[in-house]
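The structures considered in this document are given below.
Same chain, two partners: subunit A is paired with subunit B first, then with subunit C.
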Partner chain A sequence: MKRSTFISFVAPSVMSMLILIALPLVAIVYLALYQSYTQMEIKEVKTEVPLFGGMTREVIRNVPQPVMDDAGNPIQVWEYVGTQNLKNAIDTEGLSSAFNADQNINSTRSFIRALFDEIRDVDFWSALEFTLIYTFLTTPIIIILGFGLALATNRLTERLRGPVVFVTLLPMIVTPVVSSLAVYWLFVDGGVIAASLEAMGIGKFYFLADQFTIRAVIVAYGVWYAAPFAFIILYAGLQTVPEEPIEAAIVDGASPWQRVRYIVIPHLTPLFSVIALIHIMDSYRVFEPILVFGSRVFANSVQYLTYYTLVFEDNIHKASAYAILTVLGVVVLLIPIMIRTFKDQKAGK
Partner chain B sequence: MKPANLNIVTHSIINLGLWFWFLVALLPFFWMFLISLRVPVDAFSTPPKLFAPVTFENFRYIWVEDGFWRYALNTTIVTAVTVVVSLTMACLAAYALSRYRGSIGFWLLIAAMVFRAMPHVVLLTAYRPAFFELGIWSRYETLIIVLVAINQPFAIWMLRAFFMNIPEELDEAALVDGCTRWQAFFRVIVPVMWPGIVTAGLFCFLLAYNDFLISSQLMNGDMSTMTAALGSYMGQNQSLARLMHGIAGAVSITIPIIILVFVFQKQIVSGMTAGAVKG
Partner chain C sequence: MKIKQILMATALTLAPLGAAAECSIEGTGEVNVISNFFEALEVLSNEMKNCGNDNLIIDTKLTTDHKEETNKAFAAATSPFDAAAVANSSITLLQAKGQLRPLNDLVEKYRDEYNIEDGMLIKFGDEVAAIAFMVNAQHLFFRKDIFEEHGVAVPSTWDELLDAGEKLKAAGIEHPYGAAFGNSWELANEYVNLLLANGGTLFDPATSDSTFETPEAIEALKMMGELYKLMSPNAMSMDFGDVKRQLQQGDVAMAILWGNEASAMDDEKESTVVGKVGFAAAPAMTAGGAPASTFWWDGYVIPKNLDGDPDLTFQVLMHAMREETVKANNDITLWIRSAYEPGEYTSAITDTVVNGAPPYPMNPQASLAHGALGENIADFIVGKESAEESLADATKAYRSAAQEQGLLK
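Moving on, here comes the complex of A and B:
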């Protein structure tokens, strides 16, 4: 295909991505470098306060008021602050004081403690902490669970496979906000799970009021939501496993488990890494369960932190700083995938 | 792979595990459907009841009194236009990317991959001040064009995988017969691409339909989509009655998806495996 034809084919798509994805990425860098506020001034306001008998007294008060421009709109002042927003977001001061804290005998222990305090107290670090916990707990679980389900489904008769695939697709395809809500209503105080446990005499649980349980519920949601993805890919992969080596292994007396371990798993290795890479990318963006469970205090995510700062604190500059840090995280996660694609491309040529 | 012959105990354990997953996968939806048909007292009772009087009051209230039909209409307009526009643009780009040998093509794909991984809130942070300044807040066009752009990276990758499967001899034959590239694309390639286009369209639809983050922020009031409108029923300090309406709303959003999965199960599976399994 000629280069000019190529360009005319890709132009609409590339333009839309440039304007609505690439440009915003530049814009957040710009936004993060500034701080804005409404310009205020102290104005003397004279009011006539009625006294008795129709007499009045003039009272002068100093009231802060926004400065108006000629059109009568309040003036927004944009002040260049450089990297200050970013520094505030990652709390460089707190970090350096944690690093330089007392260098005495207990230094390792106190250093670790200072670091933990830092993670707990600074919004960004605590959000990153749970995002990483979520990502690196769910990834191995969904791969193992998905693989187990794929093997089990593979044993079913043709007629039963369809319904299993159908049901398995639901947690993944249904609107994430809705599926988070569905799980939330199971675990809410007085919801079916808490009520059942209470009725069975196991005890009273308030899943959403404790850091450990709410984190466990969110991780469980993550597994429930993403295992189908691993399942579908691995199930399709199982259909491509060649029969000859397996038959040879049976002749050699390999047990079913050995056949899985030494033939099936090596054959599916590329798929395991694809699933891990895509899932890590997606779970870094975890948002809906945090929003729906209202778990910001106990379990936050970098994406929800940015959303909260943007929507509820209405601070675009601080939100931009968080957004930049989020993007940096994505890029770090993407490097292995990019290297892989690059190698594939070279091999293809 | 043919399943191995296992002894009866192992076989039963495996089947039991599978049925357990079946239940776990369904339970949240099953329970949501069940309590949406109840009065609040029965929905959140201790101990929970499996059987309770059925009422459609929650659905009547949310669709009629709360005007959920308006949000459903918005969702229909936004998703339908988004799917058509996304597919048109992505098909052209993906076709070119599958046939072009130069290095810009490769870098474009890499860029698309980075864009696909971008958390949407990053984009929203920039949209908020920009769209407000431009005065294009809360309009169909705005949301549609944003969703189309967000759809592009993903759709390009998926469609490219499908176009790669169509032999290049097909376009070459058309070119030899005197077609231009555009004619070859529309008259020869598109007709054989329909299954791939339907699959990619499903995923574009799901992205637009399921989006909460962008839709809830770009549209407000009567312009909300269904998913975004659900936001006003959420939160731990809502009254029980309002919560019940939210549950009815959530069920209303789920039903079209369930129908979709039922009808297009094969296409969804093929779309998910298109990129991963083959390459």
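Moving on, here comes the complex of A and C:
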């Protein structure tokens, strides 16, 4: 192929990758290096607050007011702060003080406890804690569950398969915010599950009342939501398993389990890697159940933290720092799988 | 848990409310107004829309995400919104950043035409920054029938409320009390109410540094912990809308709610306790002290960077806020206009304010302090750490946020 032809073929992809992937990444790195605010000075300002019936209450206070430039516009400060935003996000100061506090603490055990307390107190680390728990719990469960569902569906008659596949895919079709809300309403006071358990005489359960149950509900929701994804990929993969080795195995007297273990699973290995890869990326960005369940004192996520910082603290710079940490986190988690896939491909050649 | 509110809000039918009086504003252009979502704002928004015609396009956006959208819009080169509804806390940063258009000239021009009362003007110094239309305060809602049945008196202090709660609990009412602890902003608001009533402060106005770690603050926070024991264990996941429903469905015997929700207790479409709910001033921290509540005004501001015509926008706002609107919708809230006739649903707000509840602090530092507290005090309430540790964490969060906003060196 001529060089110019090649370039004209790839140029659109390269351009869109630059604009849609590279540019936002560069932008968040850039934003994370700066800080911006309106310059303010504290002035004594008399404020009046209305009551009702025409009454007002007068209050005199020191209120920050904008500093104006010569043209009468508020002065906007935009300053380079380097890695300060990132350092604030991961709280390097708090971490080092926790590490250096060991002079006062005698045993390793109490040192680790102090360190853990410190870590749990910082927004980022506590968010990371649950993000990782969620990722590492849901990934194996959805693969096993999805595989089981795929095997079971594969044994159904042709006529049943279509409806079963459709019903299994439903959790994926519903918008995550809506399904999170549906789950929330099942478990809240007087919700279907809470009320049914009580009616059955099992007693009152408060699923949203402590860390363990609320986390369990969110993980269960994650499994329910993502298992269909693993299912549909593995079900498609099962259709490609060659007949001959299976028949040969039956002739040799292999049990159904042995057929799955020694023929089907090796055949589907690349698919397991793909599912793990995509699901880890997805679950590291868990957001909707955290937003809807609202109980961030028990479960927080890195993605929610980014959103919170941007929307409620109105601080795009710190939010960018969290976004960088999210990207880094995903990359770190994916490295082992990437290496493995790369090795497999090499061996395949 | 805003999404929940948005879904609930969309589920409600937006029936046209109020008197559809003719609007005589002449002008050409577009007026876009953003506001929060509650009944009084719906009424005003419908009044504004009545002014729309072929030449004058009026668009209102009611959303619980109004604060974030307003902050972004007013900081942009030109704002897509020509006016926004704000309150004590949300006006502070907008004003401190110099983003609000002073309204003095427009007030003078239209004072007689729309009978703009002095009590409606929110002033920073001589500058009129906003025109307010209602005031609001949180106060006690209680079940008259349950209180009577168990011989419980309406509590006037928080200690009495704890006693009343214990008594009701002993009488078999599992969760006597309800308050919005599930949303971090609302949680902090409950705390600020107790803190200010206990003589505490949020920050030092001279230095802008926080004053979270005081004996008054610890006492107020410990009261939150005691109250949580009277609430549903799920309370840390329940926001204001959930608490309102708890009371309407008879799940709790008393709650602290916003005063403008009082009439909703007697709305047969959504309440199962019509006629059974009584209203009283918020309890005080100390006997004879000020009620633990802050009072709030709601009003409209016009940004400096609007893309429409400020004069036209102002007329549309003033038309909506005119006396007829107040008269036609007297009971839905506590209107500021003197045409308002106090009714049974607002007397608890006036009691709360007259008994000395302070206005919510109109300083940007207070907003930052509020945010920092909301994200940190829950750890104490659920028993993860001590009150002192939670407040120390909040101090740290406040200092970092204040430095990032340039308020603290």
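Following the convention adopted for this analysis, the second predicted complex is superposed on the first by the 278 of 349 C-alpha atoms of A that agree within 3 Å, B and C clash if a C-alpha of one lies under 4 Å from a C-alpha of the other, contacts with A are read in each partner's own complex, and residues count from 1 in each chain.
Everything below uses one rule, namely that contacts are C-beta pairs under 8 Å (C-beta built on N, C-alpha and C of every residue); 3 or more make two chains touch, one makes a residue touch a chain.
In this text, all values refer to a predicted model and were calculated from it rather than measured experimentally.
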Touched partner set for A:175, first subunit B, second subunit C, both or neither: first
Which of subunit B and subunit C A:190 touches, first, second, both or neither: both
Contacts of A:311 with subunit B and subunit C, given as first, second, both or neither: both
Which superposed partner A:320 touches (first subunit B, second subunit C, both, neither): first
First (subunit B), second (subunit C), both or neither touched by A:292: both
Subunit B versus subunit C as contact partner of A:12, first or second or both or neither: first
Partner chain(s) touched by A:238 [first = subunit B, second = subunit C, both, neither]: first
Which partner, subunit B or subunit C, touches more subunit A residues: B
First, second, both or neither for A:71, with subunit B first and subunit C second: neither
Partner chain in contact with A:208 - subunit B first, subunit C second, else both or neither: both
Footprint overlap on subunit A, where subunit B in one structure and subunit C in the other make contact: 177, 181, 188, 190, 208, 291-292, 294, 311
Touch list for subunit A against partner subunit B, complex: 1-3, 5-6, 9-10, 12-14, 16-17, 19-25, 27-28, 31, 145, 148-149, 151-156, 162, 164-171, 173-179, 181-183, 185-186, 188, 190-192, 195-196, 198-199, 208, 224, 228-229, 232-233, 236-241, 243, 246, 256, 259, 264, 271, 274-275, 278, 281, 284-285, 287-288, 291-292, 294, 302-303, 306-307, 310-311, 316, 319-320, 323, 326-327, 330-331, 333-334, 337-338, 341-342, 344-345
Sites on subunit C touched by subunit A in the complex: 1, 3-4, 7, 65, 68, 71, 88, 92-93, 95-99, 117-125, 132, 135, 174-175, 182-185, 205-206, 208, 232-234, 236-239, 242, 246, 249, 251, 295, 297, 334-336, 338, 340, 342, 350, 353, 359, 361-365, 371, 375, 378-379, 381-382, 384-385, 389, 393, 396-397, 400-401, 404-407
Partner subunit A, residues of subunit B touching it in the complex: 1-6, 11, 14-15, 17-18, 21-22, 24-29, 31-32, 35, 44-48, 88-90, 92-93, 95-97, 99-102, 104-106, 108-115, 117-130, 145-146, 148-150, 152-153, 156, 181, 185, 206, 209-210, 212-213, 217, 227, 230-231, 234-236, 246-247, 250, 253-254, 257-258, 260-262, 265, 268-269, 272-273, 276-277, 279
Subunit A to subunit C touching residues, read off their complex: 35, 37-40, 42, 45-57, 59, 61-66, 68, 73-74, 77, 88, 94, 117, 121, 123, 177, 181, 184, 187-190, 204, 206-210, 214, 291-298, 311-315, 317-318
